[in-house]
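Two complexes, one shared chain (chain A), two partners (chain B, chain C).
Our next item is the complex of A and B:
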């Protein structure tokens, strides 16, 4: 049997005296949506940054499709099939929607970067970028400047760019943060459909969303992974209710 | 943009030699300023050390002359090669830093080059040396200002054409992304430093080319080419012209030379007027003079 797309083993990270990630282990199975929940400041974003390669762990290992990537830079991990979205939407605002998507398409093809031919004349690249935009319903806005998009549309674009990288493992850090209910539903639907393309690690606060999407749930509290399992199982665990929710009626 | 080129093209027909020379000068400094702006726009690299490349280009002309070579087809490519090597070394070391540190370290390297070359007796030391005539182009003389003016015009057009192509290429797009948000670009699979180094070397080579042309224009090479004031003035031109367009630096150079021509009639401290002009340009025109001019003319530019 081949190894899971993403394997995290005994990952630790501290900022000065603050142990933000404490010996965290995690597997992402093929085609699963794995939700990562935990109170604010639990270290969820830090864990995402560690897996994406933006932060160096103090100890532990990260394997992508059976290959140890612990020592690789973030851009090298992208080329090994890892993509992420950012919690604070960070699409490039002075560019058009299509240009943003193209940057992702071209980024995947590195390092064979063309210095001469116009990006827009690369029909295959444009096609791929448009396909990614199509998937998130932004194709008709392709030539709009990102600065003119609504916040929800930017979150969609953020997803499209991650998709354009054709990842095998996708890290989504609160992709629905700050959007209205309506758009939240749209994004939920969208993420659900991505399941067939890649394995997803999803940081999400909204429990309704977690239950609608997740195949498994892991709970992070003060840097420690205190539980992993099917959503219904995890919900029943006393330790989870105690440490994370304090009371039972949050659900 | 096209309008300006047209004006530059017909200028030799009507202008006296001195005024024509001023326009040639605008094109030469404009080329260097466009190069400085290119590195800012594509890569987010604010270099305060481009005088080193400008001067290096100029001194290569002098060194070639000392060695008995005077034809552009041989001397100029070698000069650009030398500038590229220098830029590669300075770039490799400077790109280990970013932001303000990058500005300071490029300045530092440029000062080193300044002191090394201005201390060299065979290169005229602190006084510099005259060239006695311009380089030839495949045997043709460039000593008449008209011919030289057209050569510079063609060179400038070529440089801007290359810049437009580069800026539209995937690498150019990626470099613009890097100027906006480096972390974001890494998450898309880009290795910023490598691309930035390439942009830096390209920018330096174009600046070196301007230095080669300047040495031929003045028919004199001295440490003033390498002085940090040159780096500063190039940045002022960029601030005046803006980086919203690739040719902003050219407009900045035009304004600077006009300022000098107009105000230096009245006072040697004409630069006093420059400060407010830069501030006004940045504050009110937002992205520099060039986009504002284009808006007035209803034109479009990249």
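Our next item is the complex of A and C:
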């Protein structure tokens, strides 16, 4: 049997005397959406940054499709099949939608490319970029400048760019943050359809979204992974209820 | 009329050479937010290497080639050894460190060249003048430099606007974080932009050699004007840099040519002779001040 797309083993990270990540292990199965939840300050962002390569762990290992990437820079991890989208909308406002997606396609294929080639004459690249835009329903806005897009559309574009990287593993850090209810539903459905393309690690505060999407849920509290399992199971665990929600039932 | 045409062509020639220098300064600022005072030194290095190699080998063209390659490599080396550790630092640190580089290059070349100004011969086949029409002659070499600079400027525009490399550079200038997250090595982009900017300044130095005297300190003169251009055009805007270069080149050249003529109508010749040169020398700064009052962010900045 081949190894899971993403394997995290005994990852630890401290800042000064503060242990933000304590011996965290995590497996992402092929085609699953795995939600990472936890109270504010539990270390979710740190863990995502460790996996993405923004931060170096003090100890532990991260393997992507069986390859140890612990020592790689974030851009090298992207090229090994790890994409992420962000909390803050980050797309290039002076570029068109298509150009943004195309840049991601180029980012994936870069070693094999002729850099002096005209961007839009690259029909294969344009096709791939359009396919990614199609998937998120942005194809009709392909030639619009990003500056004219709504906030929700920009979030769609970020997803399209992540897809254009053809990742094996996708890290989604609060993809619904800041969008309205209706667009939230749309994005939820969109993310749900992505699991056929890649395994997804999802950080999300909104429990409705977590329940709608997640195949499994992991709970991070004070830097420690206290539970992993199917959403319904995890919800019933006493330790989770206690550590995460106190006594109140917020589900 | 003939005088005006000649000055116009001179102004264009000067403006385009300035563009080659200012373009690198503007790109490096746009992508890495680095203020590089040593940029003028690369212009000087280009001119010196060309004169040196041309003198030793007898071929201007070999000198020109070596000059451009040497400044590109010098750019890579400076970026790697010194500039890379400055990106995260304050602009004051950057100014101090790159000012140190100016002193280094000036002393290095003073030592190597003996300190006397050098003269670069005009390359074979480009000497003398050509006659455009009856009675209007123009230096063949200046014309060639104008055309070559235009071609390079057009090439730079094409690369930046139309190619993958250009798209990546523009993207890195506007959001380096995001560019890193789609798998690009932004530091490599930075290094390449720095080296390309160095080579452009070097090329300007190569071509300027036969037009001016090649001497230590020639870099600082163009550096100040290049900064004026970048400010007038708008920091980081290559299009702004282009139009500002032409404007500065023309204002400076035509100003020097016509200030004495215009003043001659109102003042005594003695007054004109003493005031006109300094008055025309400040014209570009007056232009910069006017632009900064009307548009503090520069003409083309977003």
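What we mean here is this: the second predicted complex is superposed on the first by the 249 of 251 C-alpha atoms of A that agree within 3 Å, B and C clash if a C-alpha of one lies under 4 Å from a C-alpha of the other, contacts with A are read in each partner's own complex, and residues count from 1 in each chain.
The rule we apply is simple: a residue touches a chain if its C-beta (ideal position, glycine included) is under 8 Å from a C-beta of that chain, and two chains touch if they have at least 3 such contacts.
Quick caveat: nothing in here was measured; it's all calculated off a predicted structure.
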* Are chain B and chain C a fit on chain A, or do they clash, once the structures share the same frame? -> clash
* So, A:14: does it touch chain B (first), chain C (second), both, or neither? -> neither
* To do: Using the touch definition from the top, say if A:193 reaches chain B (first), chain C (second), both or neither.
  => neither
* To do: In the overlay, answer first, second, both or neither for which of chain B and chain C A:75 touches.
  => both
* **Contacts of A:239 with chain B and chain C, given as first, second, both or neither** => neither
* Asked: Of the partners chain B and chain C, which touch A:150 in the superposed model: first, second, both, neither?
  -> neither
* To do: Share the list of chain A residues that count as touching for chain B in one structure and for chain C in the other.
  => 52, 73-75, 78-79, 83-84, 86, 90-95, 99, 102-104, 106-108, 110, 113-120, 122, 161, 165
* Quick one: in the complex, what on chain B touches chain A? -> 165-166, 168-174, 176-177, 180-181, 183-191, 194-195, 198
* Residues on chain C engaged by chain A in the complex (per definition of touch) -> 159, 162-168, 170-171, 174-175, 177-186, 302
* Asked: Hey, which residues of chain A end up touching chain B in the complex?
  -> 52, 54, 73-75, 78-79, 83-84, 86, 90-95, 99, 102-104, 106-108, 110-111, 113-120, 122, 125, 161, 165
* Structure fact -> In the complex, chain A touches chain C at residues 52, 73-75, 78-79, 83-84, 86, 90-95, 99, 102-104, 106-108, 110, 113-120, 122, 161, 165
